[in-house]
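As structure tokens, here come the structures.
Both complexes shown next keep chain A, but they swap its partner, so chain B is in the first and chain C is in the second.
What follows is the complex of A and B.
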């Protein structure tokens, strides 16, 4: 069954919460995750690797360039599913 | 190593390097855990030959400018070599800029040729300003088979048979135009000569030599002054090997150390901190007894290498740690941004020396570097051979502006004689950085006189470059500043950009304005964002031509307001 973008987004939020050991409720789809999680771009790339493994997709680093919120990240991943 | 004193140009030195070590590996390109390319110096020459000939047949002549916009990879170096072989001028642009910024710098540099990676070219073609670009010939790398290239050529097909003609240049001729900053204000194109690069390479390799068999891991983009020198020119003129990794993902960076048995690597503070975090996490996972043993060994290593590093000894004492770095690591290089002394010390205590240095694009690559005689985590090292530094108008603590006189200092800023005259005075380049020398001749930095920040990723950000994103915001006027420019901390770090807002009469700072500022701010790359705002109660001072008098405004705000008044955005 095809995963919807909303489902992808929810899974990303859950995985990000696990990865950075924060409460799932703290993460909002449209907020700047660099700021909310207090992470740098390398830590964001680490998360991307985890997401790739989960969704079985491969994304070049530049796909994350300019992405600062989970919703945009979800749409980039959804485009490759 | 080639004797660079004998060479008039980078092109001549690189050409001889390819002849000198034909069977040595010069370049490995890896993407994640896959090796994509492995070239000997002889392979490199054969790969560059048809491209160089095709460039010449396409009327690329001596002194013509060719821009490169690519992430770090073998085609970057092959293309740069071809440009130098033709006697051309290289314009390495930061691939992380936006398409509009790329177009602006292409126009400013008057580049005639452009060599660009496909995904970046696609963004440039979609830019509203695309039609205005003045580049004559565009070569696109790695384009999908049926991709619309908008009249550009495929790099991989841009070949011509026959030997190209080598065009030599003189030492005083221009080798590169490198943009030390941006785009929003007036671009600062540093015009660097062949002499600048040859001298810089000579002085750097005097302290940190390369030789055949040495492997340098390149993760910084090659357009970056440091990587251009220590990830291209330096290794090549010494017969060493550059390993390009096309991802910054920490797990693959760690893997590359082991897979390719890396000897040297340059990195920005953000990457070094990431490595530190990874190591500390691993140490924390160790059972109590092993952790105790490790701590004892680290303490012993620290004691035995107090005066100078002893990599062989450290490898014996802390074998597991060094194995995780491939077992051949000699040193890491860092510079360009504030590096916490505790991080440098952490690695040094493990027997992994991190040579912290200081430099700026205007002066080639590096001016000072730690020579580990002994290691000093609190300084940026001593001046490299051939580099003369002075501290101008020192205060009671000996702190003043650092000025440099060296053969590595750029010729001028492109098309900006006024800024050049302000920056290079009587042969001394005024760096805008505040520093002092300690009694052992090490330079300590204390911040800067300039209105700018340097991020942990090593990027220079000038407020003028990001102000355009706030164009049209509903206030009377606004201006962006670096907090340390207004309130000098006399130390590095704590970099923050903030926006000063002058509201209209009777206007209140409300939720709508806050949302507008936040939305606009998020359009900027994360490292360029402003971190806060300050509402200022007076009109901004302006010149006769109505430009904001930034220095006057900064002084006024700095004297009458506290840094704590900045509200987080």
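What follows is the complex of A and C.
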């Protein structure tokens, strides 16, 4: 069965919380994740690789240009599933 | 010199395996310090290679293998001098790094790059001179030079062409995007894909395997199958120096160096 965008979003939030060792409740779908997680671009690339490995997709990093919230990130990944 | 502990890198030989460890924070950027020490390594390599059958190049830094050229140093130095002098300085740097990388590329032993994390630009080019690339699943490869108005200058294009189909080379070069180790393995760039943190262990196991074979035969086989594209490498240096004087490069470098954003490594 096809994963919905909401499911994709939930998986991203769970994965990000686990990897960056923050409470899942702290991560809001529409907030700036660079600020919330206090990460830089190298850590963002690390997250991208984890998401690609988890969802078995390939995401050109230029598609993340301007993407700062989890909901938009989920939408980009969903487009590749 | 069988052992060396520098500020940017260190090496030692043990049981017929040379291990070259990169360890300059934040991510092994290749500037004048790293180049000086790489030259020391290249000078010592032929002596060490007489008693070794394998070389493993790896990074001890969490961030990754190597993020490429030290762009901050490049920007600062090119600003301190007249344009013609800056270009001459760049050409000199490129010729020196090419000598180092050509030495590793043609070294009379099997070479392995054990990579993880960011393997970008000059770092990617360092991995490409090795006979084998073993990558953990978190490795990412990229030629971001076009974002700076440049092309790879450490031999990346001729060496990538040597290893991969032209379509993949065009994708990496013209989009400036990074791709992950799984994709790199799928296209044949990475010979072994391993779990996070396991690249060096896998490289060491491979080096043990390499030690079982007749050394002279292995050297002859490598020479036969892995020509060094000297003419194209020289052309790459010339093209890089031509592009370096263009306004796009000044703008690209300034954007990278002066940016206070958190995202300088994203396109």
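Following the convention adopted for this analysis, the second predicted complex is superposed on the first by the 81 of 81 C-alpha atoms of A that agree within 3 Å, B and C clash if a C-alpha of one lies under 4 Å from a C-alpha of the other, contacts with A are read in each partner's own complex, and residues count from 1 in each chain.
One rule holds in what follows: a residue touches a chain if its C-beta (ideal position, glycine included) is under 8 Å from a C-beta of that chain, and two chains touch if they have at least 3 such contacts.
Please read all numbers here as calculations on a predicted model, not as lab measurements.
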Clash or fit, chain B versus chain C on superposed chain A: clash
Which of chain B and chain C A:64 touches, first, second, both or neither: second
Touching partner for A:53 - first (chain B), second (chain C), both, neither: second
Chain B versus chain C as contact partner of A:20, first or second or both or neither: neither
Footprint overlap on chain A, comparing chain B with chain C: 34, 40-42, 45-46, 49, 60-62, 65
Chain C to chain A touching residues, read off their complex: 27, 63-64, 67, 117-118, 137-138, 140, 175-183, 262-267
Of all residues in chain B, those that touch chain A in their complex: 71, 96, 119, 246-251, 270-271, 273-274, 456-457, 522, 525-527
Interface residues, chain A side, partner chain B - complex: 32, 34, 40-43, 45-46, 48-49, 60-62, 65-66, 68
Of all residues in chain A, those that touch chain C in their complex: 34, 39-42, 44-46, 49-50, 52-53, 58, 60-62, 64-65
